[in-house]
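Multiple structures are listed underneath, in structure tokens.
First chain A sits with chain B, and in the next complex the same chain sits with chain C.
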Partner chain A sequence: MDCVIELKNVTYSYPLTTVPAIKDLSVKIEKGKFYGVIGENGSGKTTFCALLRGFAPSFYKGDLSGEVLVEGRSTLEYGPGELASKIGFVFQNPFTQISGVKDTVFEEVAYGLENFGVPVDEIEKRVVEVMKLTDIESLAEKNPFDLSGGQMQRVALASVLVIEPEILVIDEPTSQLDPEGTESVFKIISKLKEKKKTVILVEHKIDLIAEYADEVLVFKDGSLVAAGDKQEILSDMSLLEKGVALPQVAILGNTLKEEGVPLKYIPVTEKQAEEVFSELITGKE
Partner chain B sequence: MEKTYTEKIQIHKKNKLAGLYPSVKALVVLLYAICCFILSTVKLTEYELALLLIPWFLVIPVLCAASGAFNKCLKAFRAVSIVALVIFLAQSLLIPGGETVLKLGFLKVREQGLRTAITLSFMVMDIAGIFVWMFQTTENKEFSRALENSGMNYKATYVFISTLQMIEILGKNSKTIMNAQRARGVETEGNVIVRMKAFFPSLVPLVLGAVISSEERVLTLEARGFDVACEKTHLFNLEKSGIEKQVTFIAVLITIVLLVWRIYLWIA
Partner chain C sequence: MKDLILKDVSFSYPGGFLAVDNINMTIKSGENVAIVGQNGAGKTTTVKMMNGLLRPTSGDVIIGDMNTKDYTTAQVSRVVGYVFQNPDDQIFHSTVESEVRFGPEMAKLSNEEVDSRVEYALKITGMDKFKEENPYNLPLSMRKFVTIAAVIAMDTDVLIFDEPTAGQDLEGNKRLSEILKELHEKGKTVITISHDMEFVASNFERVIVMAKKKVVTMGTPEEVFWNFEALEKAMLKQPYVSRVCRALGANGEIISMDEAVKFLKSRLKRNA
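Now for the complex of A and B:
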């Protein structure tokens, strides 16, 4: 598989801090995969995202050792604006993701395309499409500053999706959303996979990661403590000690297995659990 | 057929004055201000007061009304008048010098004080007034497009427009914060001292919030391709109202007439 981003022994500290926020991190991000990034508060997830996009160190300054390569080129070598079309970035805080110069949601979402010089007709078409996708068409003529947190979050997501970058880095896009909204955002993001986009998503809601991600990256105190296939990572009980909340079904599966129940494998999603348990029951009959 | 969003965001103004091209409005503002200075040099009565500044102010309500924005401007005028009144009182009562014009108990209005008070306060009224007209009849995106068209740098335009937007948002936020402070038991109503005490703590989150969010906003812009070096697209297009030439002509004419008259007064 193609590797689109690679981190080589990256250690990074913010200015005026003594403890690095990311310690000796090496990881390869492969094209077309959906990565779920998990870890406790302050474990370095947002910093990791900022490194991928080059915001650290170009904006945050601070000390970087090691290398962050996007398509084989160091992020330090990219000029201003060059990464914008390659990597879409949705921030954790929805309230600061409003450009501040547009007075309708439609124009807000269109802003990125205006900056890229996309023709007017195409902008209209793409913005309408993405507003439908993110379910914000009813807000199109509202002022972005008058939206609720959840609505802003959708607008922020739409504003980045509309640019259609190859890689998407999304930091907790559902913190302000209700369960239904969260599920629908995940559905949108998983559709990106069909378009062969690479997605790096930070999210605390482990069940959704279990359902949608391909790979899981687990952070703790600035280090990558586990990385790999979601099935493997999310059924690993030793991660519980590292502060990772595993899916309930995985914990149940592990407990049953320890007690000698012959499970075919440890389920991590509800669907898998259904399959494993029903097989167990029907098998026993 | 259903209108496209691109069509919906365009601004079509029926009123020809309100719909003037922003740079023409700016010219009107500039010429009006120049006329203010010309008029302020004409001293009337034995106390040498710049009284012509007072009728000159009447131009503004007339202009606002003709632009169909009188009610919108009224609120801003109230604020401007209060500032002007404070200036007037402070200047007229505090500046010594010259004969006493008026005696109110122990307060004395001296000649010099009255002179500066009238000039300053009406100058403020006039010039602030004409700006009120311009800002109340023009939307932010019209300004931003006009500034870019005039060749102003993309970044500088952004700063200008986001500042305008920010002022609106700060106004809204300050209300939210005031409410929050009140919920915590801070008095925000009552006499001036009580209000002042409530005012300063409420500024801290306001300013801090603005600073932090502006830092993050830089990244948001970068993520939206603000820095991409290419020809930008504009969904919004400015329209001319059709009377730009006439308005420019009239404004220039009035300025020239006033100037000639002023020079004539000097030499005559």
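Now for the complex of A and C:
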């Protein structure tokens, strides 16, 4: 497999803490795949993201043992600008993302490309495109700090997408969005796969992870407790013991199975559920 | 009895932006109600008028025998408590306990009363184990429970929760359900804004749907989640189990896991 990120026996503690936020974590991230990162609040998901992007330890300090390799090189060896162009990072709190030095949403979205020295004509073209994609065109002239939480979340996402990094690390981009906005963000993210981008997404909305992600990483108490194919992990009731909800249709499938209904498999998406249940009802193969 | 009535209420922000356009609703004392709708539909503006943080540009907001027009925000907020969407707009103390203690202390209650309310609020929200922590050392989803505790400690008749489900994990959602249930049993009126349709379907007696600054419909979750015209207007979808059952021929009613299981089993039996 074409591995873009590898963690080898990584243990990490924030400064002034006694319990490591990440414990002995080893994992390989494959190029072009969409990873859903799930787990209880406080289980280490956000710290995992900070490690990938090198913020831990370069910004947060703290103690790191083991290795975080991005395209085979340790994050400690990269210069600050170098990693920024390789890995796009969308913060959990959009307020953290907004630069604070630009007066309009348009300039805010353009800010990253400006820093990378992209020609003005190209900046404009890319900003216009990405604003259309993320449905924030009407906000172009607004001050980023005058936006609602949901709008700010979309601006934060746009300002990272515009850079077109090879790897995207996105921490709960939809917590403030309504269902329709959430679905559109998932569609935008899953389209990145067509461009062979690698996506690592932290998200609690498990039904959407089931529909869009390829693989899932399950965290609990700072450790990776399950990793692999989404179908297998999200259909298993033992996920509940890890503090994570199953997709609604998987609960439905498991309940029916327990009551003796012979399901061909446990569905994790709406489409699968319709397929597997209607087969039973009509008796068709 | 403190029914909450909005009569022909509109609100424009300074500068003229109309956020709520002539809405009417009645929420009965002791009711447990959810408000759903898209970002920008007017949900937060509506509930902020209920506790006097915002004043309607026209129309009346009446709580029991009080018309909020005739009272200060401080007076209204003694009857209606509001938990902000963003906990950081609300928190300003350096420990969880002092944050929760502030309100009851300001209300000049006896020490015993303050103690017992704070203890209760910390316990029901699960924040008792963090009471010495600085709220900002807790993740955002936990800080939300600090602000919920602060409002519960005020012991108001009406409580409003603005998007408490945002960013919550399995455990957080369970705790929210328990809090809502307990407040309801104590006879409180609880109004909750949420984007989580599964949570809304299983925790509320009545749902108010808003879209484009107006109320689209209100009803039981069973009514609302099978009213496709209203759902479409508000750009909302049914809960997942309802969607699956609908695809397999259900016509209505089903909004819970149990009902879905029952429906599917009966369909299977019929075809056996």
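The rule is short, and it goes like this: the second predicted complex is superposed on the first by the 283 of 285 C-alpha atoms of A that agree within 3 Å, B and C clash if a C-alpha of one lies under 4 Å from a C-alpha of the other, contacts with A are read in each partner's own complex, and residues count from 1 in each chain.
Rule of thumb we're sticking to: a residue touches a chain if its C-beta (ideal position, glycine included) is under 8 Å from a C-beta of that chain, and two chains touch if they have at least 3 such contacts.
Owing to the predicted nature of the structure, the values given are computational and were not obtained by experimental measurement.
Look at A:Asn93: by the touch rule set out above, it reaches both chain B and chain C. Shared-chain residue A:Pro119: touches chain B; no touch with chain C. Legend: residue contacts after superposition of the two complexes on their common chain; A:Ala140 is shown touching chain B, with no touch to chain C. Once chain A of one complex is fitted onto chain A of the other, the partner contacts of A:Phe59 are limited to chain B, with no touch recorded for chain C. Once the two complexes are laid over each other on the shared chain, residue contacts for A:Glu270 go to chain C alone; chain B is not touched.
Of the two partner chains placed around the shared chain by superposition, chain C is the only one that A:Leu280 touches, whereas chain B remains out of contact. Of the two partner chains placed by superposition, A:Ser26 touches none, neither chain B nor chain C.
Overlaid on A, the two complexes show chain B and chain C touching the same residues of chain A, namely 93.
Of all the residues in chain A, the ones that touch chain C in their complex are 39-42, 92-93, 148-151, 172, 175-182, 204, 207, 240, 243-245, 247-249, 251-252, 255-256, 259, 261, 270, 273-274, 277-278, 280-283. Interface residues of chain A facing chain B in the complex, by the touch rule stated above, are 53, 55, 59, 80-82, 84-85, 88-89, 91, 93, 95-104, 106-107, 110-120, 123-124, 127-128, 140-141, 145, 159-160, 163. The residues of chain C lying in touch with chain A in their complex are 37-40, 85-86, 139-142, 163, 166-173, 195, 197-198, 235-237, 239-241, 243-244, 247-248, 257, 260-261, 264-265, 267-268, 271. Interface of chain B with chain A (complex): residues 4-6, 8-9, 139-141, 144, 158, 161-162, 165-166, 168-169, 172, 212-213, 216-236.
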